[in-house]
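I'd like to ask you about the structure that follows.
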Amino acid sequence: MTAQPFVVVAGVGPGTGASVARRFAKAYPVVLLARGTDKFEKLAQEINDQGGKAIGISADVSSAESLASAFQQIEKEFPGANAAAAVFNAAAGFVRKPFLEVTEKEFASAWEVSQKGAFLFSQHVLPFLLKHAKDSSASHPPTLIFTGATAGVKANARVAAFATSNFAKRALAISLAKEFGPEGVHVAWANIDGPIDIPGRDDYRKDLPAEQKIDPDEIAGAYWGLHVQSKRAFTNEIDIRTSVEKW
Amino acid sequence: MTAQPFVVVAGVGPGTGASVARRFAKAYPVVLLARGTDKFEKLAQEINDQGGKAIGISADVSSAESLASAFQQIEKEFPGANAAAAVFNAAAGFVRKPFLEVTEKEFASAWEVSQKGAFLFSQHVLPFLLKHAKDSSASHPPTLIFTGATAGVKANARVAAFATSNFAKRALAISLAKEFGPEGVHVAWANIDGPIDIPGRDDYRKDLPAEQKIDPDEIAGAYWGLHVQSKRAFTNEIDIRTSVEKW
Amino acid sequence: MTAQPFVVVAGVGPGTGASVARRFAKAYPVVLLARGTDKFEKLAQEINDQGGKAIGISADVSSAESLASAFQQIEKEFPGANAAAAVFNAAAGFVRKPFLEVTEKEFASAWEVSQKGAFLFSQHVLPFLLKHAKDSSASHPPTLIFTGATAGVKANARVAAFATSNFAKRALAISLAKEFGPEGVHVAWANIDGPIDIPGRDDYRKDLPAEQKIDPDEIAGAYWGLHVQSKRAFTNEIDIRTSVEKW
Amino acid sequence: MTAQPFVVVAGVGPGTGASVARRFAKAYPVVLLARGTDKFEKLAQEINDQGGKAIGISADVSSAESLASAFQQIEKEFPGANAAAAVFNAAAGFVRKPFLEVTEKEFASAWEVSQKGAFLFSQHVLPFLLKHAKDSSASHPPTLIFTGATAGVKANARVAAFATSNFAKRALAISLAKEFGPEGVHVAWANIDGPIDIPGRDDYRKDLPAEQKIDPDEIAGAYWGLHVQSKRAFTNEIDIRTSVEKW
């Protein structure tokens, strides 16, 4: 008997994380990771109400202990440790300020989440993904997707913490894509280039018309599109922006 | 009454071009452009037999006259000049040799097809795509996709003609994406990174196992995925390679 | 007896070309190539007057015949065909306009100079540079430098002809650097990122203060810096911009 | 009276750091920072013996306290806090191993030095460099150079820690170049692409012939070349490799 494949989304908020969880929940049970339970409770409820399956686990991606505990719980829920996909969507708060005013703490906290978090999450989830790569009944190759930003390819003034972390996260994604592609794991980095339209957050960039904000459901659709690619056509890097974005 | 939307594929051969035509023919009538009628006759027949609609037109993308004539014929077939998508898939023959042995003719012929051809094709098809952008009954934003190669981002020794042309084609795609995105046209460049598995061509890189050759139907699937993106989530650049490709 | 080493600069105008010629003339005789004799006559005079040696040859880099004739003349002047450095500084006129208004002629003329010209010039001059690579009395490795622009790494809207040509020229430089580096020829591409302060041309971007315009003598200094690098430390790509340039 | 300008090199070892210190010591007093005094004692002696001026200070770039103390000492030595140049040359040990075997400690130690270290060093030294930018008797604009590696632009398999840190360090350099360029500080990133020929370390890549190893004195020469550029021609990024390097 084959172990039940599942999907894990790290960094579930009301925007990209929730949309991705909903999209993948159409095909797999989903595990929602976030620091605060408020981030995933309503979403898990919603997915379960609509016939999907979702469980939320409180976890801090920047803590090896916290992640170890979360993955133990995941393995209990889904014996066989068979992950069809994993999405790393966690991000530190965005800081834009003169470089000489950035505190060591601000600089380090971007590292904690976007780099150490991405590193630890990858180390925990890759063995589960590698299992799926050997699961002959798998519908699609296992997929590990990192949500990135333009700052991963373009470093602007006054965003040193954000840019360094995003460049680094992209480097991690590429390095993992090259190492684990031949083992059947599809690793991809997504450059989300612009503000996202976060439902329920009317205050977020309220000034911007909808057409200037990226639709998170569309991001989720693109991620799903990555997941269903066969081993003979992996896309390892995509950009996503509105039609009116300057770039 | 809305004009019938259609799709035009330039550079139809047995590989990517044919797969793309088949994929888009599930939703739209397709126009197949190639220099020789042998390139599209069987394919058009096949699509028409299976309930789709395809017409082939002999055209040389590097000739303004030839393209003008082809687009006149297209307009007769599809009054209203309403193009839902266009794919530029034409490419000059690949030449790998010491730089000092490359002839001016070889260097120029890569330019003729990949650059002048891409330029002329874009100029002819963009007005049709811009019409679709204003068609309120359109299912998806009009899409212009350029098939590229790794040589568009990485210039190796002894492939000067191929690399210059691919760098240039990518530049054209990016420039057009920035100019026509705000007008609702989705322009994308695809880095097809590796050998393609061309059906019926058993002799093509016969030595390579299938897993090392990109599946052209998957390329077509990725192109379709680009086409169905909304204006709030355009992807302007993708790479496609097998899981075992070195990059 | 060793053949007299010399330097050839293609595309000599009042800006970068003239500065480069003056700089290299401190160490080598220089050959000035330009289409019109008015471009180099005064400059050659000036260099000769100041104790250097310069000869001007009228040549069209986009014509194989014209270049062949120019290099025959060069070989007569400098028997031994021993080129210490070559700088490709020719460029087509810059065109910024809506893509649909660009004429085929405009698009092609950028190709003619920046791509075919760069190709032909490289083919003609590389054998001379390869000779210098074997000249045991050479002071520095032979150097082939291509003057490029930001448009070689960033393709903006409405500059399709310029961007394609610059991307392509950069690809050529990289490909040649990889092929001829192991043979001792130092090939480099320079991204001149911003307007240049052209002496005697008060009308050029007159509105801009000097600090916003790149000093062509400094470009020449950087090119000289590339020339004197040993084979154990080649720089193949540099960018040059003012301290206040946005990038 | 103008304050005495000086240069500070962080990460002084027998290779690049020592060569850079020797080169800049021809023009300025140099401060050598390294964790162990054995790293700089002989070098400081050598520079002082040859008529230059060098002082060594033991400092850990990844510690804010250690750096603060070092810069206090610097300010005592050179009242006026007038830094003509600063070179960040510190790097964590290179680790190449399967990703799943990389320890959190290994991953974090690359961050500690290459990212936090680069961040803290920049914050400490920039006020000194900004002073030099306002020093009307300065010979050249103040320069901040980061020694990087190919891993800053290319992330390979099995080098996740090294690649993330180098991508990040490059992002920091670019961000700082954009923020502080307009204030007259010249920030640059150097991609040192290949093994370095470290004098006195016969065991280092002993198998490689000298022509395949980058000459650290040449790196120093290139850094000096960056330093002497005027504000009207800053180079913000260079690559340095041997003529035979594959790239």
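As written, the chains take the letters A, B, C and D, and residue 1 is the first residue of each chain.
Rule of thumb we're sticking to: a residue touches a chain if its C-beta (ideal position, glycine included) is under 8 Å from a C-beta of that chain, and two chains touch if they have at least 3 such contacts.
Computed from a predicted model, the values in this text were never measured in an experiment.
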Going from subunit B to subunit D via touching chains takes a minimum number of steps equal to 2
Averaging each chain's C-alpha atoms to get its centre, pick out the one most distant from subunit D.
B
Could you state the distance in Å from the CA-based centre of subunit A to that of subunit B?
32
Return the distance between the CA-based centres of subunit A and subunit D, expressed in whole Å.
35
For subunit D, write out the residues touching at least two other chains, lowest number first.
178
Chain contact topology under the given definition, line, ring, star, complete or other?
ring
Which chain pairs here would you call touching?
A-B, A-D, B-C, C-D
Quick check on the complex: what are the subunit B residues that touch subunit C?
64, 98-100, 102, 104, 107-108, 111, 115-116, 119-120, 122-123, 126-127, 151, 155-160, 163-172, 174-176, 178-180
In their complex, what parts of subunit D are in touch with subunit C?
141, 178, 181-182, 184, 186, 197, 210-211, 213-215, 218-219, 221-222, 225, 229-247
